[in-house]
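Per-chain residue numbering starts at 1, and chain names A, B and C are given in the order in which the chains are listed.
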Amino acid sequence: MNLSIAASTQNLSAETVFDLLMRVRQKSPRIHAITNAVAQTFTANTLLALGAVPSMTIAKEEVAGFAESADALLVNLGTLDESRREAIPVAIKAAKAAGRPVSIDPVFVNRSPVRCAFAKELMDFQPDLLRLNEAEMTALFPQRSDADAVISAGTVLAVTGVEDKIESQGEDFRLRNGHPLMARVTATGCAGGAVLAAFACVETDTALAAACGLSVFNIAGELAASRAGGPGSLVPELLDALYSITANDIEMRLKTA
Amino acid sequence: MNLSIAASTQNLSAETVFDLLMRVRQKSPRIHAITNAVAQTFTANTLLALGAVPSMTIAKEEVAGFAESADALLVNLGTLDESRREAIPVAIKAAKAAGRPVSIDPVFVNRSPVRCAFAKELMDFQPDLLRLNEAEMTALFPQRSDADAVISAGTVLAVTGVEDKIESQGEDFRLRNGHPLMARVTATGCAGGAVLAAFACVETDTALAAACGLSVFNIAGELAASRAGGPGSLVPELLDALYSITANDIEMRLKTA
Amino acid sequence: MNLSIAASTQNLSAETVFDLLMRVRQKSPRIHAITNAVAQTFTANTLLALGAVPSMTIAKEEVAGFAESADALLVNLGTLDESRREAIPVAIKAAKAAGRPVSIDPVFVNRSPVRCAFAKELMDFQPDLLRLNEAEMTALFPQRSDADAVISAGTVLAVTGVEDKIESQGEDFRLRNGHPLMARVTATGCAGGAVLAAFACVETDTALAAACGLSVFNIAGELAASRAGGPGSLVPELLDALYSITANDIEMRLKTA
C-alpha cells in the first residue's frame, strides 16, 4: 500500500498541485461557461469559491465577446437546447481565435444520438480538454483508435470514474481522490469540469493542469463528505472546502495510482 | 387524538410507506423531469438524495429519447416557455408509448389563462398523476364534475395543502405531514412532485404510490425543519433527511387524517 | 469614528429600516422577477426568506399578466437571451400601466455593447430604480450629465460598491454594510436587487426604500458571514439571517457614511 502510493506520487506531487492552486487564486481567471441549466449556479459558485470568476451568457449575439475576453472557455453539453447549440460553435471559434484554452464536457452523449453527433463535430475544433466518463467515452469514440486520433491532434482526455485517467500526447495520470457522496449531488462532475478549465488558465501543460484541478476538486469533496450529514450539506461543505483548502490538506490526501 | 391517529392509519401504514421507499432506493429509477427553471437543481438533488436518478433535457430533438428510456416522466408547468411548450407533448407521447407513468404538476394555472388552457389539453393524454393545490384545482376543474371525469379516466389527483388529499378511482388518502417552513423555500412543491413520480415507478397503484411519496417527502421536511435555523438551512437539511430517513422516522411521524 | 457614525445615521435610522422591513413582512408583496438563469433560485429564496413572494415566468405570452398582477417588477439583464429580450419590454409596459414600481439591474452592460444598447433603450420607460455597480454605471452613463438626466426624470440610482450610494431627486444616502465573502457567491447582487424591489412596494419614497432594503440585505450578509465557514455555507446562513433579522441586529450594525 505504502509502496503503491510512493510509486503513484512520482508524477504528481502535492507541491505541484498546491502551486497550481495558488496560481489560480492569484490570477483569478475568468471562465466563460456555457453549461447546462441544472449546473449553472453550482458551477458559478464553484469557480468563485476556488478564486476564479464565472460568466455564463449563452445568447448568440453576446457569447463571442464574453468568450474571447475570458481566460478560458468551458462548454458542457447537458440540456443542449437550440440556444446552446447555436452559441457553442460561435463561442469556441472566438475563444480559439483569442488563444484561450477550450474545454468540452460531453454530458450524456451516450443517451442521445443527436447530441453525440453534435459532440463529434466539435472535435474538429481540437479542444484542449475533454472531460467525460467511460460511458460517454464509448459513445463518442467507439474504437480506441478514435480516441487516439483526438489525443494525437492535441486534445487531453480526462476520463472520470472510480479511478480518473488523464490521457495526453505527453504524460498520463491516474488519480484516486473523491467520495461516493459526490455522485448524490447533481452537477458535481460539471462543476469539477469548471475547475479543470480554471487550472488550464495557469498551466500550458493541459494534462498536468487537469490532473491538479481534478485532485483539488476531489480532495475538497472528500473533506466535505467527512463533514456533511448527507448530500444536501455536501454542497455548502464542498464550496467551503474549496475556498479554504490548504497545502496540508493536499499533502495528506492526494492519491494517485 | 390517539383515536384519530389510530383511525387515520387504517389505510396507510408506516410499514407500507417504508417498503415503497426501500423499493425506490433499490430500483434507483430514472425520472425524466421537464420542470421549471427555478426548480431544476433542487428537483435533481431531491431525486438523487432519495436514491433515484434525474435527467432534465428539454430540447425537442432529444426529449423523446430521454422520456421513453426513463422509468417515469414528470412535467411541471412553471416557467412555461416556448421550448417547454413544444417539448412537453412530445415527451408525454413517448413516455405513454413506452408504458411509463406520467405525472403533471400544473403550477400557477390559476395565474395564467394561457397556461390553464395548455394544461387542459394535456388531460387528453390521461396522465397517471396530477399534483396541484386548491387554487390550481379550481382553475383547472371549475366544476367538481370536471375533476371527477379526469379521475374516472384513470388519473390520480394529489391535492396538496395543510391537509393533502389523494383522490382516485380506488382508495382515497388524507395526509397531514409537512411543516410551514417548507413554503418559505422555492420549489419544494415541485421537488416533492418528483418524489411522487419516483414512487410511481415501483408501485402500480398510483394513489398508494402518491400517498407514500408525499408522506416521505413531508416527513423529511419535518425532520429538516426541526434541525434548520431558517429556510436557508432547510434545503440542505431536507436533502440530508431524505437521504437518511429511516423506518423509525416514518413510524414516529406518519400522520393521516 | 463615533462622530462619523453619529453624522451618518442622521438621514437613515435603524427604526425606519426595521419599520419598512416589518411592512414588507406584513404585506408579503409579490415580485415578478425576470432575472438571469444563474440567479433565479437564489432570488426566489431570498424573496421568500424576506417574507415576499416570487414569480419568475419569462414566456412572452404570459409575462404581462404576471407583471401587472404583481406588486413590483424586477428586470435583471444577466444571461440576456432572446426570450428575455422579448419579454422585458412587454413586462415593463404592463407593470407601468398598472402603476407598479419597476426596478432594473443592468448586469454586465460593461462587458457587452449589445446589452448596453438594450439597457439604454429601457431608460425610456423611466424605471423607478436602477441598481448597478461603478463599472456598469460608467458603461451606461459615460458622462455624469447622462446619469443626472435619468435622475431628473425620476429614476433612483443605487450604485453598489464598498460604499453604496443611493442617488435621487430628493435625499441621497451613503451606506457601508456588507461583507467581502458575499462577492464569493454568485448572484448575491441580483438577489439583493430583489430585496430593493420588495421594499419599493411598501414605501413610495423609492430612495428611502432602496436604502432600507440594501441595509437589511447587507446586514443579513454580515450576520451570515460571521456564522459561515466559507462561501458555501454563506448562502443558507444569509437566507436564515434574512428570515430572522431583528430590530436589534439592525440597531447594532447599521452603518451609513
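Convention: a contact is a pair of C-beta atoms (placed from the backbone, for glycine too) under 8 Å apart; a residue touches a chain by one contact, two chains touch by 3 or more.
What you are looking at is a predicted structure, and each value in this text was computed from that prediction instead of being measured.
The chains that touch chain A as well as chain C are B.
Superposition on CA atoms relates chain A and chain B by a rotation of 120 degrees, given as a multiple of 5. If you average the Cα atoms of chain B and of chain C, the two centres end up 34 Å apart. With touch defined as above, residues shared between interfaces to two or more other chains in chain A number as follows: 37, 41, 235-236. Interface residues of chain C facing chain B in the complex, by the touch rule stated above, are 37, 40-41, 44-45, 48-49, 54-59, 61-62, 65-66, 69, 83, 235-244. Considering their complex, residues 36-38, 41-42, 78-82, 85, 108, 111-115, 183-187, 228-233, 235-236 of chain B touch chain C.
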